[in-house]
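Consider the two complexes below, in which chain A is the common component and chain B and chain C are the respective partners.
Take a look at the complex of A and B:
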């Protein structure tokens, strides 16, 4: 399934397919902290910003290696996640929503205002990256995206089924009960948040390399909401949820291009509709076999 | 210089304070952070502008009418985004307010376009000097109307049955229900009140900036102000609003105006590190 970008004929369709995979990586990251562990974030676009700009900076100024660039973006995003998580994850769960909200805005403002490095509102062109010394063609970048997508799903699946995942679930269900059973609540929340920010950072780096261009408009607050919507529409806390959500919410706006002004309205209505009418998401209908499919073929 | 900066911060601080108050009353009554609060503020400004400029109502009538409409809007939001989810996990409700905010913002953009409009000045923006400090009639008007709104608010809260019901609900929902208070009706009144506060903030803010569907992001500032104040304390919210405005202006003057909002955010993280309960709040403790 993840190789289908290669089978598609036109460049446009391929690009959309890769975009789905990138969004799926990011949404899987959000799902890990929000769906598994109950940490609401409405600022994960901030980690996308960091991943994308750090990757762009690496490729343009340090080394053209795509691997290094994406790793750099992921490390930077993870570090930001830890810095934000440390003070806030100890507090009432509501604070994480508030602080990520502010973080998303602040990260975007830095991208807009730090013109020397980020190019400001005009954005920044990203030089063609290399993989293992060869200039990366579109096909190799797509393959890399597919591999990272499988890897992130695998990480999510592993952490979902292990001691880690059970701890996350216990914290999500009741923090007090989890603590009284001896689960180090703060530490597990930190792990969930850090993995989540790293995954979203990877997605940001991939986006920068694949599209060859970054600009602050691609990472506004609505994008954070969109990532959350993907998880909720697909099914929070399920492996297949963010993947289904990413597929639908990436394809839908492309189909509705003539009605671009309604895109935001639509994603708001979809989010509200799913929350009220189908809180378990689409995966509750069709997710079982997709979960099984992915688990059978870890990367 | 500092004195002048403080005076300059009063108008902005008033608006932050009103927005923060909206966040806090909803949080106390419903345990929800209403992410649509900024959009309600934008809606207030938009409706006020339509009534004043296009329907040619007098400023006072447009002001009151747009407050009333936003109160209806607030109650409506409660009915759509909160009540069906009352027993759902907290973050579900939080997300549904995010969705409502997005729907309002994009709805306004579709109806009125992305065009920016400015609110015709009701008071003059000419500088007035008083004891060596400069300000404008506009700023004084904003502060005066804010004080009036706060007085009405205090009056409702401390002297009417509605206000008592709100306080009781905030303290203990089950207890309130036992003594015969309709918790759901109180919730709806609280959300309406927050809508009204947002409308006041929006209309007062309108002459200071340009009106766009995206001006709701200023609600974000009210939110930070509420965190500073402690998120559970009403006086804290007001204090937080003024402290935030002062801090912003000081940073803007002495450090960097481009990175003002970023520095404010870093300060917020520091405050949370040192004093998570904010200036006047108390730590939110969950009893089992």
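Take a look at the complex of A and C:
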């Protein structure tokens, strides 16, 4: 699946396939903090903004290296995650949702208004990046995306199955039980949130480099909600959930292009159908074998 | 007489607003013994456990665990120091397997860092394998090894209590707090629980604090019994003394007070 972009003939299909992988990385990040640890965020588009604009800034002004740009975006998003998380994660879930909502809006407003750096509402063209000194072709960028997708799935899989994932799930289910097991609840929430923001930052950076253009419209509130929806529709707290969710919710709007007028309505109805018919997500239906494929063998 | 006291509680009081939950509760627990706390519903037994496991902050009083001031420790410190508990309203993770639930009890015993866990390194996996062996051993003690790989949510009620017990003992803690492990159990399950507690005492020799309503269990396994009523200690002694204590019988069966009768 990760190599599909190379097999597809048309540039358009390739771009959609890469978009799926990028969304899957971001949704995997959201799934770690929300699906495993129970931290519902409706502002993760804020980390996409940071990842994307920092990567764009790196490529345009500091070094054309794609690796450095994406790493820069990831570090910046991770740092933002820690800054947001430190005061917020002690609060109850409702407040976490409110603060992340505010963060997402604020990040977007900065992108709109800090015109000297971000280009404002008109957006910003990203110079062609290089990988290991060579100018990156579309193909190499696709490969890099695929590699980062695999890496993030690997980390999600290892985290999910290790004592880290057990601690996250314990916190989601009962903070009291988690505490008495010796799990430092605040610390683990912070870890989940940080990994999550880093993954979303990576997705943002990839998006900037692959599309060659960033503008604030790509990271609005609806995108935060979309990431959450990907996890829920795909299956919360499952490895394959966000991947399946990302695939469907990236393809769906493309398929519905001919019915542009009714696109929103149709997506809504289809999503509602998923939620009603498969409350535990699509992954519970078809994900078993995907989990088995990706999962590391139990130690 | 030279007593080896592991836990000493000195005049601990707790109130929620004007509601007094615990009043000047004192007790000493000898190492390696089973110390039962009984009392009518609402006597403050679970609240005392919550104070001792640092889920609640006591308003007054002190508690000394070995040489440490217990109220200076966080719940995480307590787990590291070898204090584990079970809950009256069972807290197991239904989505996880039975084995994974037990592994949670070993959370603080890992030596490798979290980064190695996130990347699934060889050193982490080796350690995880070792922890799994320990978890299977604990499951054998409570007799649940056959269902180790089933999701915990699929177990019947009595098994969940045993699972909590396995999670509680897997790290070989020095002090175990069992909050009503027999609640809701059939008499057959209680017999099994009694045997399991005896087995745990023989093999691990921990100190156990036990809250229970099932008198048969309490009388059979306890070395000492403390009776709480309305947040205060009304009696303490060996099982025989408690069974004959008039104040205890009154607290349990109710008594028409002289004032009310007059």
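Heads up, the rule we're going with is that the second predicted complex is superposed on the first by the 277 of 299 C-alpha atoms of A that agree within 3 Å, B and C clash if a C-alpha of one lies under 4 Å from a C-alpha of the other, contacts with A are read in each partner's own complex, and residues count from 1 in each chain.
Here is the rule we use: a contact is a pair of C-beta atoms (placed from the backbone, for glycine too) under 8 Å apart; a residue touches a chain by one contact, two chains touch by 3 or more.
Please read all numbers here as calculations on a predicted model, not as lab measurements.
Undergrad: After the superposition on A, what does A:184 contact: first (chain B), second (chain C), both or neither?
TA: Once the two structures are laid over each other on A, A:184 reaches chain C alone.
Undergrad: Would you sort A:125 into first (chain B), second (chain C), both or neither based on which partner it touches?
TA: neither
Undergrad: Should A:195 be classified as contacting the first partner (chain B), the second (chain C), both, or neither?
TA: Second partner only, chain C.
Undergrad: Mind working out whether A:264 is in touch with chain B, chain C, both or neither, as first, second, both or neither?
TA: first
Undergrad: Considering only touches as defined above, state whether A:91 meets chain B (first), chain C (second), both or neither.
TA: In the superposed model, A:91 contacts chain B only, not chain C.
Undergrad: Let me test your reading of the model: by the given contact rule, A:256 touches which partner, first (chain B), second (chain C), both or neither?
TA: neither
Undergrad: For A:164, decide between first (touching chain B), second (touching chain C), both and neither.
TA: After superposition on chain A, A:164 lies in contact with chain C alone.
Undergrad: In the superposed arrangement, which partner chain does A:237 touch: chain B (first), chain C (second), both, or neither?
TA: second
Undergrad: I want to verify the contact counts: of chain B and chain C, which reaches more residues of chain A?
TA: Between chain B and chain C, the winner on chain A residue contacts is B.
Undergrad: Quick one: classify A:155 as touching chain B (first), chain C (second), both or neither.
TA: second
Undergrad: Touching chain B and also chain C: which chain A residues?
TA: 176
Undergrad: Any idea which chain A residues touch chain B in the complex?
TA: Per the stated touch rule, the residues are 34, 38, 40, 42, 84, 87-88, 90-95, 97-99, 101-103, 105-106, 109-110, 113, 176, 221-222, 225, 228-229, 232, 261-265, 267-269, 271-272, 275-276, 279.
Undergrad: Please output the residues of chain B touching chain A within their complex, sorted ascending.
TA: Checking each residue of chain B against chain A gives 33, 35, 80-81, 84-85, 88-92, 94-96, 98-103, 105-107, 109-110, 217, 220, 223-224, 227, 258-259, 261-262, 265-266, 268-269, 272-273, 276, 284, 286, 288.
Undergrad: So in the complex, which bits of chain A are touching chain C?
TA: 154-155, 157-159, 161-164, 166-167, 169-170, 173-174, 176-177, 179-184, 191, 195, 237, 296, 299
Undergrad: Applying the document's contact rule, which stretches of chain C touch chain A when the two form their complex?
TA: Per the touch definition, chain C meets chain A at residues 53, 55, 74-76, 78-80, 84-85, 87, 91-96, 100, 103-108, 110, 114, 117-120, 124-126, 128-129, 132, 167.
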